[in-house]
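In what follows, a single structure is set out as structure tokens and then discussed.
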Amino acid sequence: MSVRLPRNVKLDPDRTGWNFYLCVRKDLRIGKGGEYLALVLQDASGQLAGRVFENVERLKDEFETGEFLRVEGRSGIHNGELQLVITSLRRVHAAQDEAQGFREEDCVPSAPRPIGDMWSELQALVAGVAEGPLRVFLHRLLADHEAALREWPAAQQIHHAYRGGLLEHVLTMARTGTALARIYGAREDVVLAGAIVHDIGKLQELAYDSGAISYTRDGNLVGHIALGLVLVRDTARGIAGFPDDLRAELEHLVLSHHGSRDRGSPVEPKSVEAFILAAVDELDARLHQVRQALQDEGADPAFTPWHKRLGRVLYRGPQDGQG
Amino acid sequence: MSVRLPRNVKLDPDRTGWNFYLCVRKDLRIGKGGEYLALVLQDASGQLAGRVFENVERLKDEFETGEFLRVEGRSGIHNGELQLVITSLRRVHAAQDEAQGFREEDCVPSAPRPIGDMWSELQALVAGVAEGPLRVFLHRLLADHEAALREWPAAQQIHHAYRGGLLEHVLTMARTGTALARIYGAREDVVLAGAIVHDIGKLQELAYDSGAISYTRDGNLVGHIALGLVLVRDTARGIAGFPDDLRAELEHLVLSHHGSRDRGSPVEPKSVEAFILAAVDELDARLHQVRQALQDEGADPAFTPWHKRLGRVLYRGPQDGQG
Amino acid sequence: MSVRLPRNVKLDPDRTGWNFYLCVRKDLRIGKGGEYLALVLQDASGQLAGRVFENVERLKDEFETGEFLRVEGRSGIHNGELQLVITSLRRVHAAQDEAQGFREEDCVPSAPRPIGDMWSELQALVAGVAEGPLRVFLHRLLADHEAALREWPAAQQIHHAYRGGLLEHVLTMARTGTALARIYGAREDVVLAGAIVHDIGKLQELAYDSGAISYTRDGNLVGHIALGLVLVRDTARGIAGFPDDLRAELEHLVLSHHGSRDRGSPVEPKSVEAFILAAVDELDARLHQVRQALQDEGADPAFTPWHKRLGRVLYRGPQDGQG
Amino acid sequence: MSVRLPRNVKLDPDRTGWNFYLCVRKDLRIGKGGEYLALVLQDASGQLAGRVFENVERLKDEFETGEFLRVEGRSGIHNGELQLVITSLRRVHAAQDEAQGFREEDCVPSAPRPIGDMWSELQALVAGVAEGPLRVFLHRLLADHEAALREWPAAQQIHHAYRGGLLEHVLTMARTGTALARIYGAREDVVLAGAIVHDIGKLQELAYDSGAISYTRDGNLVGHIALGLVLVRDTARGIAGFPDDLRAELEHLVLSHHGSRDRGSPVEPKSVEAFILAAVDELDARLHQVRQALQDEGADPAFTPWHKRLGRVLYRGPQDGQG
Amino acid sequence: MSVRLPRNVKLDPDRTGWNFYLCVRKDLRIGKGGEYLALVLQDASGQLAGRVFENVERLKDEFETGEFLRVEGRSGIHNGELQLVITSLRRVHAAQDEAQGFREEDCVPSAPRPIGDMWSELQALVAGVAEGPLRVFLHRLLADHEAALREWPAAQQIHHAYRGGLLEHVLTMARTGTALARIYGAREDVVLAGAIVHDIGKLQELAYDSGAISYTRDGNLVGHIALGLVLVRDTARGIAGFPDDLRAELEHLVLSHHGSRDRGSPVEPKSVEAFILAAVDELDARLHQVRQALQDEGADPAFTPWHKRLGRVLYRGPQDGQG
Amino acid sequence: MSVRLPRNVKLDPDRTGWNFYLCVRKDLRIGKGGEYLALVLQDASGQLAGRVFENVERLKDEFETGEFLRVEGRSGIHNGELQLVITSLRRVHAAQDEAQGFREEDCVPSAPRPIGDMWSELQALVAGVAEGPLRVFLHRLLADHEAALREWPAAQQIHHAYRGGLLEHVLTMARTGTALARIYGAREDVVLAGAIVHDIGKLQELAYDSGAISYTRDGNLVGHIALGLVLVRDTARGIAGFPDDLRAELEHLVLSHHGSRDRGSPVEPKSVEAFILAAVDELDARLHQVRQALQDEGADPAFTPWHKRLGRVLYRGPQDGQG
């Protein structure tokens, strides 16, 4: 039997073998030799093009986008891009394939830190909230949405676009936001709450299924800012005697967290806490992009290649250790 | 006894007499001669500065902002502005003063068309909606908010900032929006519904009390776009079996009606009906300003004076009747 | 003999046959096998790439861009795009080919509604203008430019870029503009006139020949807004006693119809009618794009794929018939 | 008899005397002491507020805005501004008052250089144009509009807003534009022609009467860019055999001279000459403002006070003579 | 003898007494009663208008702007503003007046926290820098500029525009910047250095003398960003063997700290540390404005009056203690 | 032996021969047939793709980017682009190959005018400076940087991106700037100095080696505006008694020459000379792009194809010789 192929990010041309992948795209196309299947095969390290030129008629209905596959084939270069020419494939049978080493998480890009650790840290932060109603609110929100909050990405692309990305983003903002609140004498618990609720509408804006991220109908028509508002309103209504001032302020944090109208916030920050929240949200998204860009290798050890979205090259820091 | 003064917009200097006003501002100030009261007295035609220099100690606690007053005094010019130096004032006693001609509506700026007429027309439009759930929704919304919808202004300033202004704005948009929908083959009932719901959040954004318009806490922190969304969501939830697609679309109309993110819409129009709604909203607000500006008299019969907010002079049309 | 091929929008690979086309582009290129002809073949449904690899030397001078051709060949996929590999071609001979079903209009994209109908409706609208000089002006303008006005596209691309597109655009604006004018109590005839004259300069800005649209020298150097101004001025001069106020106002409508300086209007709207005209022009252009985008098929029945120029996906409306 | 007062720019408080002025504004106002006249009195050095408190009834109809007056009175400070309290005034009678030194040009702000000199220089430049049709065109244009071209300001305010200002602006641009054209090997005569025609529409956009500058109806509705286009077109039509390419290019220079659409040019520069023309137009307008601002005295010999429109202070240059 | 007047922020009309002030402006003006002196008298709480109507001739040359004065007079309202009508004044004689309680710092607005404390904290932060050359650099910079760094404001207006304001701003940024660097795993010492150097050019951009803040020639012509660059370059040159990479990076922090070109940074952030520095600089300036605005009292306990520069009202937080 | 190939700009497919080139890029790629070398071969007329498919193993280490090569091969079309399939190559040996006509300057794009001529003209301009310290400064600056100033390009791309481009740009600005200064009565020598120093920082921002242009570390982190400032400061420091006013003004010219903050100038022009300098810099860069675009051939003799960066087509001028 053939050997297991390396992870996508490490795969070279001219390798023969097999591996487990998540199929995130499946198109039937017409080429010179008739119909073929063009697949996108994903593992935790990235994506790979797959091509099925034989037995297309039989294979094309054997699996769907969103399913895990066991794939065998040979890698090569086509039009300058790596692709896997597939000689056989079948759906993964979890029970049987786990013995050969199949694990779902190996097929899905994830946050670098274990999700369980991040979840525990977030729970601990909430447990430390002094104000009763706010602590009840946050516990309720986390309890109601635990399953999704542990899985969801923070975006379809650009930043934190992977499993656990939303939790990672929330947790970093909780840490940076409360650090700034402490220095400025602002209400730390309110900033913490803002970090937790600000993107909560993403749970309804995005659909996330086995690594595939897409926009829902409500995501397109209503958007995460307004969806988050409704989630906050509903959670607050469910708590008897929840202070209305606090409800309004949490809604303000959700609505204003993009910082200005032209970035999509229908109301702009009006409290010290809202200014801090918007600042750490923007910084975290920006630094996530910067860190990804810094991983781009290039000829120059000191600078990255030009990064189109950021509109600049990035500096990796002194190469001789000072500073 | 002295004569009744003319309406504020017609008042000249050096007139002595009395009239009924709504007091919309009351400040106690210190001048060369000690404390005095600086009032803003409103009738349906506009506002007038009032000054109380005598008996300040006694009068200053006799009435509050938001009350109707019977005021007697003499008009004059001070620092180039007309003011009424008040010799006596008291609260209106409705029962007794109606005999002398007091009517609340004479003290509050209002839409030019009678509110009852506008309300009937709107009801008739809703009665003509073919689609059952949508008609139920609109009847429910109007019924739940009838009192406020008949009174509310559409804004604190700039356009439709008077009693019944919101109803007038909604009704004009209903007419223009459905006219355009008919020509473009779009769903007229959806555009009508959009006209009715788009600014419904203003009922919670603004406080309106006897002609005085101010922002509420939720108006400042949440804003009418998000408040309208919650009103739509709650109304839809109250109707058993209300189609979720339609609920999402009504919310989209509320959220997208400013037309773009930089004008405060967190999502941008994504349907033909949403594009039409945003276009007629912008046009109606703009033309309301234009029509007000056209009332500015100036030396030139053909053009208005420079209008700062619009950034131009306006053309009144040919002076010799053609066109 | 081979069969007639389906329309371009319906053509599949691996079909052999013939059809009539308008040649809208002809390039002589050098490939591995030497010179070949790269053609763009147009019918009313769209465009198709054509390739002549044989007898190039003889065929390359047998026809020119802008001529109708009878083409025979076989469809295939090259670099992922459909093309017709041509085995024979010749110029259309109208007399003889009409017998086989040749009609010019089958080779040129056109407005969906028959041009004769649109023209009649426009004439009827003008006949209803009450004001004498304005009616004379509009009749004169339509009479002077009838041939072009019945043919011209409204743009080289983006919206109404086909035969009769300008007339379709003008007529829709006439209907929407006068509907709004009626509701706002503005002068309907002036808005109607604005709809007719606003893009009249396009007749000189664009050259339109058998479906090929290009910019003229004056189109590039002077532009349709200024060219339209000259056409209005000249037409008004030709009418004895034409009111100068009205002439200036028509010019204002032409010059201001883009709505603001940054969209290319050297003067901005200064009358109620000019504001209405600019609003319906923008809305009509926008909705034309929206409707074209809504025809893009995609995987999702509710939403279109991402539309780059509009910067969003578009909603097709509820899939279950409500609303 | 009292003495002649100094020029407005030199007038101090507490001076009694007489002088000749152009009345550029006359308002009847109501003050504590009843009606009075508020005038703006202009001489070549600037403007001065005038007040008539006595004999108002008789004097108010004795003269109109735009007339030259002989005024007698006493200067003083009111609300921190200098004003002339007028004790007597009458219309100037040219014949009789010239003996006392009345000269119209002393009452109207003018370009610093004599108009006759500037006109001669411009004529000489045109005489040097090599290309026949272009020289004929320019001679014709200057001849047709000589009277206005010798008088007109270039703007109502901001830059060159005085008698001869347009001629001064045109002449400077002719010199700078042709200097740059020579260096860049561009067609000098075309740039010269552009300098002469670019603002020719100002003759119809602005009304200029004895120093008072206002916008005409066509100025407001059509604007100088489009009005200039018509003047160029008409002049070209009047010359038999005038090359159409050249006509289009002159129109392009008029239309594109603001440099970009957002500054009001409906077409943007497309030739080397058009780029040069737009650059020298912007620079000349900017430097005119800068030079006026440099005349503002302030406490600091090296820098002017903050200039609001330019958004900066300006540097007068080294104070010790270097550089 | 009369009593000592309260601090400016507490002064009422109709109070007679004396106090010590810094004279920050002195103008000789002409009023109805002849010349008078218009002063601006400053204490630590704010500024007060002073007027000298008597003995002007003698007093006007007895003192200059920038000197401390002992002033006696009576407060009153003029044109709605408080002013002190001065009956006598003289220069402060430090030796003698200290006995009566004169202290310079009572006449100059200062940072709320004692400067000595802030300076010690900054020194301690620098002492904790691990990297040798960077620590030497920072010690050198602080030593070279200690006197100014302890005094300077951070701006002429808008934020931190008082004695010690620059030090306060630097110290807050040092704390927020290093807190964020720690969370993001960035180089804390580099961010600390960035906080210290980023505005160092303000020492040459602004002149600060006894509370009066003005722009220097180099401030106007070169600006604090470029001046800071030169200070960094010179300091680095003075340290033998200073790593050139580190020198370039410190310069980058100075140049990029405004975050983008349109805010005046000639290069934009290119390292994680530079992004953090720009974010905390913007946030600190913004929050300083917010906190000042929150001190504006108004009728509403929950919201401030409209703040023009921030373009919004601000929320003071829940009034009932939750959150 | 084979013949010498024509210059890159004239090369056709299917030509066999040899020539000298500068290798400005060398990549090892993997294709269907294994490894190959993809080169970019440059001569003075432009760049050419080169491919080595044989003897890759041996040849790949025989030369480096930045070396001059003697290359032999056959030209062909691949994917629509011209490339040279290389049959042999070796490093140039200057001594031996000069006999065959090798000249470095034939392999490097250069300014059209000989560098020696430009340098002499610049020296003559400096010799004409009247003011002693300024003349000394400029002589010193040119002497210190002569080698680089004779070679450097003005940019990596867009305009003057070739050998001697900076000198060409400086010289043109010296001519246009002093011409304008003369007309406006500004200090010509200061403008001349501004032209010489404004981009002097490019010598450190860009690395230029045998035709290859790249950004240095200081170019990325500090940028040419700030680097130029340091060069000016250092040069001024080296001249005893150099006037500090003049030093500040030269720095101002460097810092403000982009004209506004959003184009990267940290301070904006504040003197007449700085306004002139910014204007001629922008115009020269723009016209350089325009002239390059005008060289694009296309089907239309009057207009260029669409130029993406300029956002327009360009007009070549009348085709019949008028104007």
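We just call them A, B, C, D, E and F in the order they show up, numbering each chain from 1.
Please note the rule applied: a contact is a pair of C-beta atoms (placed from the backbone, for glycine too) under 8 Å apart; a residue touches a chain by one contact, two chains touch by 3 or more.
Here the structure is a predicted model, which is why all the values come from computation and not from measurement.
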Requested in this report: Treat each pair of touching chains as one step and give the shortest count from subunit B to subunit F.
Outcome: 2
Query - Shared interface partners, meaning chains that touch subunit A and subunit D - result: B, C, E, F
Report task. Please state, in steps, how far subunit E lies from subunit B along the shortest route of touching chains. Result -> 1
Report summary line: Expressed as a multiple of 5 degrees between 0 and 180, the CA superposition of subunit C onto subunit E rotates by 180
Query - Contact-richer chain pair (by C-beta pairs counted) among A-E and C-F - result: A-E
Requested in this report: Could you please state the distance in Å, as a whole number, between where the Cα atoms of subunit B are centred and where those of subunit C are centred?
Outcome: 44
Report task. Would you mind listing the residues of subunit E that make contact with two or more other chains? Result -> 217, 220-221, 245, 249, 252, 270, 303, 313, 315
Query raised in the report: Mind giving me all the chain pairs that touch?
Result: A-B, A-C, A-E, A-F, B-C, B-D, B-E, C-D, C-F, D-E, D-F, E-F
Query raised in the report: In the complex of these two chains, what residues of subunit E are touching subunit F?
Result: 217-218, 220-223, 225-226, 229-230, 233, 245, 248-249, 251-252, 255, 261-267, 270
Requested in this report: Using the touch rule from the top, collect the residues of subunit D that touch subunit B in their complex.
Outcome: 30-32, 215, 217, 220-221
Query - Complex contacts: residues of subunit F adjacent to subunit D - result: 131, 133-134, 172, 175-176, 179-180, 183-184, 187, 189-190, 243, 245-246, 249, 252, 268, 270-272, 274-276, 279, 282-283, 286-287, 290-291, 294, 303, 311-320, 322-323
Query raised in the report: For subunit C, which residues count as touching subunit A in their complex?
Result: 13, 77, 302-303, 313, 315
